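Structures given as structure tokens follow.
Two complexes, one shared chain (chain A), two partners (chain B, chain C).
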Partner chain A sequence: MSGTTPNGAPPGASDLPQEMKGRQQSSSKMAYMAVIAVVVIVVIIVLAGWQLGWFKSNSSTPATASCPAPVSLTGAGSTFVFPLMYQWYTTYTGSTVNYESVGSGTGISDISAKTVDFGASDAPLTPAQKTNASGILQMPESAGAVAIIFNLPNVNFAAGKSLNVNGSVLAQIFLGTIMNWNNTPLQTLNPGLTLPIDPISVQHRSDGSGTTYAFTQFLSSASTQWATQVGYSTTVNWPVGTGDKGSSGIAGAVETTQYSIAYVDLNYALNNEIHFAAVENPTGAFILPSVNDTASAIADSKDSTNLPLGTGNWSGVDVENAPGAKDYPIATFTYLMFYQNPYAAYGSSYTLQKAENLVNFLNWTIHAGQSYSEGLYYVTLPSSVVAADVVTLDSMNYNGAAIPQAACG
Partner chain B sequence: MAFDRVARRRWKSHLFAGLTLLCVVAALIPLTSIVWTAFDRGAPALSVGFFTQPLPAPCGSAQTHCSYGGVGPYIEGTLVLIALSSLIAIPIGVLIGIYLSEYGRRGIGRVISFFTDVLTGVPSIVVGIFVYTLTLDYILKTGGNPENVYSALSGATALAIIMLPIVARTTEEALRAVPDSVREAALALGIPKHRTTLRIVLTAALPAVLTGALLGVMRVGGEAAPLLFTAFNNPLGYTGVTQPAGALPTMIYNLYQTPYANWQADAWASALVLVLIMVILSVASQIVFTRVRRRISGGQ
Partner chain C sequence: MGIAPNVGMNPFPGEDAGVPAGPPPHSPVPQLEATPRRERIGRWFNSIFRLLVTVLGFGILALAALFIIVLAQGAWPSLLKFGPNFLSTSTWDPVHSIFGVVPFVIGTLLTSAIALLIAVPVSLGVAIFLTEQSPTWLSGPLGLVVQLLAAVPSVVYGFWGFIVLVPYMRLSVEPGLQGSVGKVPGLGGVFGGTPVGTDILTSSVILAIMIIPTISSVCRDSLLAVPRHQREAALSLGATKWETTNFAVLRYASSGIIGAIILGLGRALGETMAVTMTIGNADVIPKSLFSQGQTIASLIANEFTSAGPGSIYQGAIIEAALVLFAITILVNVIARLLVGRVLRVEGGS
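Let's look at the complex of A and B:
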């Protein structure tokens, strides 16, 4: 047929451009689909590559021949110990450690549910929590102190001096029986100062906290009324005061509330240069908290040479009110928790190699790891506590057999 | 008289234009404030090293020189988590939207639609705990190691569950906005319903569907709560779907709580980086959408 185009379409000026346009459209759509397909394939290849470790440099350096190949260990819990833990696991090369700072309470529930290799908590396990996680061990891996912080405008302190407080006065303030700054017992402790008549604004933690545990334990031993009416725990029913979340919440509240008083980790107070009070120790001296005076306090405390076994009950351990002349009285441990027999706890998929990684890392934290404490304002463990921790680590086993230990990293 | 009325109307018009402008300014205040605060407090950390160096040791008031860094692996982790959750949520969400708009306009469809809305309102931490519990339960039933509960995959699953209802509902609305006459025209030409839906209705609504997907990505990109119990944390960022993964929001959450000035500056700078990532994703997808839209309208 004459007059038809090669592809059989009838001739017509108006039809041709439309057809071309249609073809153009479908070819551009094809190109579009091709681009999508390529992108999807590239994404899959990249993900697979990641999975297979193409993009990671293999820079594992085994320390000695007896060290197991490094594996990944996970831990969770205490926000207080997180900075020190970070310093530890970035320095230690024997294993890849992955720590999530979700709070001591979650740390305990995570290790109880066996979703992590170790939990970290600023308060020891309660007897009920211990029965919940059979075969669990706990050991102190670091220590801290509780600082008393306050906001007293227009009160000038002599150099090296601060507000003087003691356990009995603090208990009365937090019970609400001392309500004003110039109340006689408080004024008597501070003879050189003119304290204002203004009411004391009490601030405390609203969330569960190891700092609250240590502070209320100190108040309980100083005041029988506090011990019977409130007691000590990570959270208590506060008779008076305002609650704030976390150390940062407490510090912020004291900074902005005139005539307020609160307690916070010494570590937090020192790093943020917050003013803190001198606390009276059993020898009658008023001590401004420092890392060294807390370390000596823990070494001098009667419980530090008489610690329970790793399997024992730590909830009664008290390292406060040490008898030394310069000892700061409100000291506290922070704990790591893990299983004595990982094979029995986690099942057969938990290899001996991983158990070796775990025990070597824990061993490193209480020995070489302690040297990083002071620079970050954590308290170095005294040798008596390290010795007790070594007994705990030596009691670990893998399905009945001792776990080989080596100094790695 | 007439002039008076025109003047009054013009004045009223100006008044309302002014009021709307005021509202726009009021809405922009929080955004600028967030960006400025993050920039101001994160300024010491912002440098090339912030992206290339690992997270430095914490720096207390005793140290004189503080270093910053460590955001790199967490950017990687966040991008991978967003990609994985999009791979899960967008196809499923679009299919749900197609069902709701094209097949289930009444009866069971309305029930599904209602529950999709309810899912939007579930707090993200609850979604995290839900995925955690479900994964742990599955692992314990199959006799696996409970430690495997924390993985990039479970993190992405939690994020996908948060994303899903947003994608589904925006897809549904986008498809409904396509006039019925378009569907009728296609059906009248003898095109089967599934092809009408996929090739004509979905294509016409594609820019709006993609906007919905982007909204979902924006929603989950800044989530920290659901990741705490699922993706956990990983200083190396992303190391595999079955391994824990680090993400920017959880990094910010962890670092801000610490007493160290350099880590807090790192947290603020990371917040700024997170906002910038969202802006870049948004602008990039706007460019792609415009292309898609031009291509679709160019074909008509």
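Let's look at the complex of A and C:
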């Protein structure tokens, strides 16, 4: 660019390319490109193979101890259970537990891909997902309820009273067949209130959510039209309404949108002091949700004393619409997922010591861990559910041998 | 500075100084002797360097290929089950495993198109003001602010949109539009429905606000690159300021301006967070500007965590990602052809 050497040529390194050009360009260019092409193709194949899991190494070091030395355990999944899980893994000393709050679907993906030691999901595995992750176990580790929230300006409620709704009316609202607040079925449930004529703005979750699972399961049992047209899952094909991302998105939308209605975790509603509706239970009582009424509902529900085995199909389990007079009807479990035989699932690099760490932590969550539930507005598991979970944990084994359990933490 | 081409003259000397014409009096490059040893090392280093950059260059190809392979593999269950119907049906039902991508393709193209309609005139105006009209003491700081706005993370725009813009659209803008433009015969359908605030129009407005800084800062760069003699020639022929801008400057910079618009469009097509927070996330074909909708990007952001591994649902979401990939490539190809055409017609820069 600037400056010249005494002989007039450009100085420094800039004279090299000129020389190289003549020597290399024409003769070796083809061979050169061929080498590059081969290298690139090999890289693609190796990367693709790595992606598709062609290379898996196995090595081994088994060990035993009555209360094993702490190792690091990793879990991923449900955002709903994260506050409780956080309390658990910061309290528990038997192992170092890391939990990634990435969503139930990712939790199921991760445990199926065996990249974590346990997954957490608010919805149970579907039969297809179970087939996909051979040898997987699932157990409820906590429970919650779904609250109905709404925004009705200029409607005054008597002390301790709220909007009354039931499954049938909710299904019609979310199907779009009840479109105004003063529609007869809704007004009939609220004789003391003057409901406005304004159209109902339906809000629902746009992201996959265990809350959606529990809510749509409730609507499916209340309305045959909902069950056949929409069904229940973590995401459904909503007939009407606006989708909002996350509990905070839906709560924010209801707060700012007049005449709206939506559903949200009871846990979230209580933490943020959001006003919710009373939902009619099978005895005809209108119940405002609380942690205690949900716990009694789960204990009273027909399925809670008749739970499947850890290896069984949980997708039909329904703890909603319990028969007790004070039971809140929209209750749901949240699940942990892990492998019955970690040795078979992860290979021999998964030590017995680590398997012991895993089973001890899981055991702790359903026993000592439950004491943290109520303070964080989670529902404490009834004893019948804990008993079923214990059977599931006892069924775990390490390459055929029972895994020693100890209370460590 | 951006895409400014090599032009000798700079209308704003001192801001983006060109290459000095002659050699400086004292060269900063140390004088090195060309010994055989140095030459050998240099040659060796040169071939290593060339290998390195060639591998990196082909690496991009490999990455794109790997990307498509992995996406196609993930989308396989859906590709097998739905085939071409995926591209032509509009039901998105995870419970019954029926998937069609039409609502999201429409949502993506519609929001991006409306965003461009709003953003292009505004951005051009901003860029013209900054380069042609603004006093010099103002154009520097203003240009800086525009570039700063282009760097604001999209989630911030989305949050602002959700908190501020959505209620404003619902309570003021949308009823206003419905009461005025919506009354024009034939336009009632476009502005029909209940204004909810989270809808196609609001997310288009957010997208427009997000891409205005991008488009205007790149436009500004290409207007700055127009040689001063273009302007001087026009002015000397008695052209007004407007005529100078229109005939001498904008035409000359047209390829740069189109490049800026394409950059903005690219950002709008792929924008995820801000759209998810304002579009209403309903898996239906929008019936009006006030309908809720969903773009491909927002669909993926919303639903990827809930699809089980290896399921048809997950396959469908990954296939939707492939479709977005294809749309982006298609838009870029069309835009490139367009730029080539403009260059031939105008014979400008």
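To be clear about the criterion, the second predicted complex is superposed on the first by the 344 of 409 C-alpha atoms of A that agree within 3 Å, B and C clash if a C-alpha of one lies under 4 Å from a C-alpha of the other, contacts with A are read in each partner's own complex, and residues count from 1 in each chain.
In this text, a contact is a pair of C-beta atoms (placed from the backbone, for glycine too) under 8 Å apart; a residue touches a chain by one contact, two chains touch by 3 or more.
As the structure is a prediction and not an experimental result, all values here were calculated from the model.
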item: Touching partner for A:Ser104 - first (chain B), second (chain C), both, neither; value: second
item: First (chain B), second (chain C), both or neither touched by A:Tyr232; value: second
item: Which of chain B and chain C A:Gln187 touches, first, second, both or neither; value: neither
item: First, second, both or neither for A:Ala113, with chain B first and chain C second; value: both
item: A:Tyr350 touches, of chain B and chain C: first, second, both or neither?; value: first
item: Partner chain in contact with A:Gly208 - chain B first, chain C second, else both or neither; value: second
item: Touching partner for A:Phe82 - first (chain B), second (chain C), both, neither; value: first
item: Partner chain(s) touched by A:Thr256 [first = chain B, second = chain C, both, neither]; value: second
item: Dominant toucher of chain A (residue count), chain B or chain C; value: C
item: Which superposed partner A:Thr242 touches (first chain B, second chain C, both, neither); value: second
item: Chain B/chain C common contact set on chain A; value: 32, 43, 47, 51, 102, 113
item: Interfacial residue positions of chain B with respect to chain A in the complex; value: 54-55, 57-58, 60-63, 80, 83-84, 87, 136, 143-147, 149-150, 228, 232-236, 238-241, 243-244, 250, 254, 256-261, 263, 295, 298-299
item: Chain C-touching residues of chain A, taken from the complex the two chains share; value: 1-3, 5, 11-13, 15-17, 19-20, 24, 32, 36-37, 39-40, 43-44, 47-48, 51-52, 102-106, 108-109, 112-113, 125-126, 128-129, 132, 199, 201, 206-209, 230-238, 241-245, 249, 252-253, 256-257
item: Of chain A, residues touching chain B in the complex; value: 25, 28-29, 32, 43, 47, 50-51, 53, 56, 72, 74, 76, 79, 82-83, 86-87, 89-90, 96, 98-102, 113-117, 246-248, 265, 267-268, 270-273, 346-347, 349-350, 375-377
item: Parts of chain C lying in touch with chain A, wherever the complex brings them together; value: 23-24, 27, 29-32, 34, 39, 42-43, 46-47, 51, 54-55, 58-59, 61-62, 65-66, 69-70, 73, 91-96, 162-163, 166-167, 170, 194, 196-198, 276-277, 280-283, 292, 294, 298, 301-311
